[in-house]
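Next up: the structures, one after another.
One chain, chain A, appears in both complexes that follow, with chain B as partner in the first and chain C in the second.
After this line comes the complex of A and B, so read on.
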């Protein structure tokens, strides 16, 4: 009997274990698979679940790493920064104001060309207190040389962590990467995840090699001297060049990931959902993809041609690619789970970036910005329908406000 | 059941150190320098001497991490670094974290066979601003980790000397700094007493096996403190008092003498705590044992412009506070607290 010919990337990969795990645990498992050498923890909800899983794996002898509980986020990030300079593969993470407490360390990490991988369990910034998700924490480092990626499932979290190590540690890039996981919706939600074998990971992820930047007595260099105006601009430019090479390296990594692991994410930078024949699209990041996709299926049943573009990589930002894609539609609505007070048109951060990306494009559809789901408030299906309707109105030439807060008590 | 040193070493999997023997005198010092030309410190800078002798004591298989401050800005001008050993900048409050991170990396990589297995010295230094102020939490945390070999050395020139001489938690009472200038209404702007940093580190960190105060006016003692700190294993701490011509306002040729005077007046006692045992060292020991009489603080204070506004009353107050550390402290010059004699009596 003839066997069905299945493309390599569609085959069920051999040796994967299927586990019911949360987004946080998926990233902890990725750290184990990547044979991370030094990990630092400090508690803050919701990211800290990843460190609880790491701690358990260390105590059970499943993972061989130096696991250090720091006395604050600043130290947490400084410890792994220096460990990485000495040649160790490192992992770290935080949430909300914890991430902000580490800000000085976060600032110097890309400038030092430290390919640290961090998990951000996105959380609203204080005050007032809220455990729920908001993207302002991770976005605060958007100008500094951090690569920023948002994922929306535990599987994608695991896969992206492996990809992130490969991209960050590629000498053409050598910049840190923060993987954003929406607090609670992803950090604490379980899903079935295919956990690949160590052999596959070894085939995909080469050893971290710091080369001539290694801090070791065999390589007596002075790292981060006082350069001043004589040289600072040239050094900054080198860091910028690393970020400019990142998209190419990301594409390579996703391609090879699909070949080795059998999961093909298509365009690494953003996912398109029902966009082929769409009139208008919504754009967003992270787990709001779930209510958006549900609402789109409902609206499609009613004949409304709505699609969704989920941005994965926020840094580097695939501006040309995204502008070209969005130019196909009659209207675009960008959903921000963040705020940027006093920004142009009072938009959220993502909206401003998308608007900027569209400026040089040949085709610039009407663009609306929405602020939704702050502090972990649910973005509901009716919310999505409302946003979608407004975009359709704008597409039909009926003026709409540039920015609307959604689901807000009046 | 008591855990032996060997069992403890196994529990925390402490790595061996280089086993650096003490230098037997100034004529026995090695000639090699690992901190050489290229730096831009001020004339008479005692902290530069700390750097030079610290790394001379440590030797070539050493990684040095330096937090922001004079010894960063002045020593590592791009393309003219003075460091022969590998050196990396760390943020102002991060000397503790830097030491921990480097030590953890070497430990993990050697255990996993990713780099050659050998003892590598890890030294992180900080100034008094980076150490006693901003970085005290990270240093404290590092000193609680028994499993990482590293030395944190705080060079204390008693102000933020790199940023224009602003007062720090380590600036002595009454000193003139740019943040505490004497004025027509307030002669004394700085009313805080200097933090007792080394004793605080020694008293509060049971996992830290070696803490010492040093002064480069007594260089062999200081270098041997560094060698002992790097040899004993685990995290260690050294606090060095560094006369600073710019910040203390004196002729650069006076650095060595002021260091001596700080010790001889009893303002800067030299001591070490090794595995819980306190030893007073050098001239400080002579003072404590009555072989040497403490000099009056006036001899020290009036040689420095930062105390030029002091009246006789101010000097007397300063003297009384120093006397208190010698006459009333539970361990003279080192550990404060006065015994409550009445309460110490056994119940009748």
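After this line comes the complex of A and C, so read on.
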């Protein structure tokens, strides 16, 4: 398929157009390139930047899709769910409490095997009404069958959206995927993005084929009847099997993406930065990668061997792979831009997941959890240095608190 | 380990939910008076808020707490000492929302256990409806019209206490007549004394007959194999039932009419307490029954009649109600029938014989008391039932 249409572009990624766009706009551009059929919208900051840009492209005649502004997020997600059941490629998204308002629609989507792609412009959950980024919104669906991925640049946002369609719409998976973009840092700052040609995207992304699950008069089926304890275990097991097959499909998609678009993300599940010779590493998700990388370069100049592991795919969670990687170091510090009150060791969500992933590992380095950057508070370079110092102390055998709030007025 | 007692009450959803609950609560309360702990519960999966759906309540009692826990450690008992069937049409079998397939009414009755049925019929008429059972068991009839009422109204016709009196007779180890009478007096402040007398009368007059392994309906109950998770279509999507097909005229062999395909895994006819009987000679082929039927029960025959398919009908009576011709469709108590055969085929085969059968069936129709039909109905029924209660 790919070979037949654009063999030359594999060698010529420079054919891309360069645009100065935000992370949100990059996602909107991906929707255009993927020729999405139905998009639903309901305004909430920071996600609304996506719908504004989509609306602009539709009104300019650049993009052909059904664009429906719903009366609330619940309907917004329900509409695309049904459109997807009818064979349409769909897109929607939300932020913070808007995402939570859609929760009932979010819970039904994975079990119906709807490959919906949603963008979550990460936003703190009310109260108080706050615009800034926190990851608790997207993480709220982590147990339900949603694939969850975090990106840290506009380019990665565009590329990941295309990859997400490819993975979600693969019949082996058929599960929704939410792409998390940190509010403000990614949704509202513009960067140079390589926008690929439609031909490349067509080569990468097959048409959505719902097969025997298609809601259509020619394929009479009943979807989601009442089913009690006689059926629930089997239905959940089927959804679980889709998630279990997802890592293999993600790997295939990134590999082919690199071939067609000329951008190779390496390990799809997490990015490693200066880890080759590191003594200790920090782990985190999203745009806090920028201050972390800057701080690491500073510390490296001072002879401190610190590295960074940026988790992209939170669901499926690459537990074995990550545990093996983290087992190489003398200490690990996980930075959560979220909280999980009353959880083990009062940690954030990512910390608990990493700690659980490490439990069966041969090497289990000391692990510290940090709660930082809530509500969009800046994670500063000195913050990163402080966290890194604590991890080094723990690695040297000096006990440290299991969880520390960073950047808090105390 | 002490002794465990299990009683099930098989009832019709909505119409008898309160009745079943009252019986199972009183069993536990009466046993409690004798120092035996117990629990009472309705099976959740039955979803009994549906007209006529067969459903079950259970009372589990033990001689001590540890033994009771043994009985509670399962979703429902595998066998019961006493099974109570509060509507005689349930003797034909039970198809619940909670499982797939048909279960005989006597399925859970222990060898030598007792099945108590409320009915105006004699054991000889009830036994042929009930499926064969490998081990002998006992059958007791509490005489009376099966007591039906609504979800929010309760028809206090003493059915509950008469059954409780019968239990004290067939299984005195569970509770004595005195214990159940004390319970009744305490639970029913106003009518307790009168109801305790009804319990006494039922106790005095309850007798049992033994049902032997060769007695009963020889039909094998239909079953359904549950697919495993890799065999099921994903996405909670199930293939729809196919549309249907034409029917063959038994005389000319010509194809015509329309018979819809029907659900093979949930047949629903055991929800039925009455069935429509059709007079094809007076039918004007107006189509109203066919249109109004909520379950697409009517097959359109090649000669343009509407034949209510008894494998699909749940007996709601909408067809009788909407039919513009007097006595063209008559709802008749389900106990009057022994099979689900096509009425239209019988009529086509031998019209005089069918007409004779029709007249006799309607003339001899047993009392029907299935749900609320008009204001004042329950007030009319209670005195009749109390008269029966007095006679035992």
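Please note the rule applied: the second predicted complex is superposed on the first by the 397 of 410 C-alpha atoms of A that agree within 3 Å, B and C clash if a C-alpha of one lies under 4 Å from a C-alpha of the other, contacts with A are read in each partner's own complex, and residues count from 1 in each chain.
Following the convention adopted for this analysis, a contact is a pair of C-beta atoms (placed from the backbone, for glycine too) under 8 Å apart; a residue touches a chain by one contact, two chains touch by 3 or more.
The structure presented is a predicted model; accordingly, all values stated were derived computationally and were not measured.
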Review point. What is the contact status of A:75 with respect to chain B (first) and chain C (second): first, second, both, or neither?
Key: first
Practice item. Name the contact category of A:397: first (chain B only), second (chain C only), both, or neither. Key: neither
Check your understanding: Thinking of the overlay built on chain A, is A:303 touched by chain B (first), by chain C (second), by both, or by neither?
Key -> neither
Check your understanding: Looking at the overlay, does A:216 come into contact with chain B only (first), chain C only (second), both, or neither?
Key -> first
Exercise for review: Report the partner of chain A that touches more of its residues: chain B or chain C.
Suggested key: B
Practice item. Could you say whether A:342 touches chain B, chain C, both of them, or neither, answering first, second, both or neither? Key: neither
Practice item. Give one of first, second, both or neither to describe whether A:224 is in contact with chain B, with chain C, with both, or with none. Key: both
Exercise for review: Identify the partner contact of A:128: answer first if only chain B is touched, second if only chain C is, both if each is, neither if none is.
Suggested key: neither
Point to revise | chain A positions touched by chain B in one structure and by chain C in the second | key: 220-225, 227-228, 230
Point to revise | Of all residues in chain A, those that touch chain C in their complex | key: 111-114, 174, 212-213, 220-225, 227-230, 233-235, 237-238, 241-242
Study note, to complete from the structure: The answer for chain B against chain A in the complex is residues 60-63, 65, 72-73, 76-79, 81, 83-91, 93-94, 96-98, 100-102, 104-109, 111-112, 114-115, 120, 137-138, 140-141, 145
Point to revise | Contact footprint of chain B on chain A as seen in their complex | key: 35, 37-38, 64-66, 68, 70-72, 74-75, 78-88, 104-105, 108, 207, 215-217, 219-228, 230-231
Exercise for review: Using the touch rule from the top, collect the residues of chain C that touch chain A in their complex.
Suggested key: 45, 97-100, 226-229, 232-240
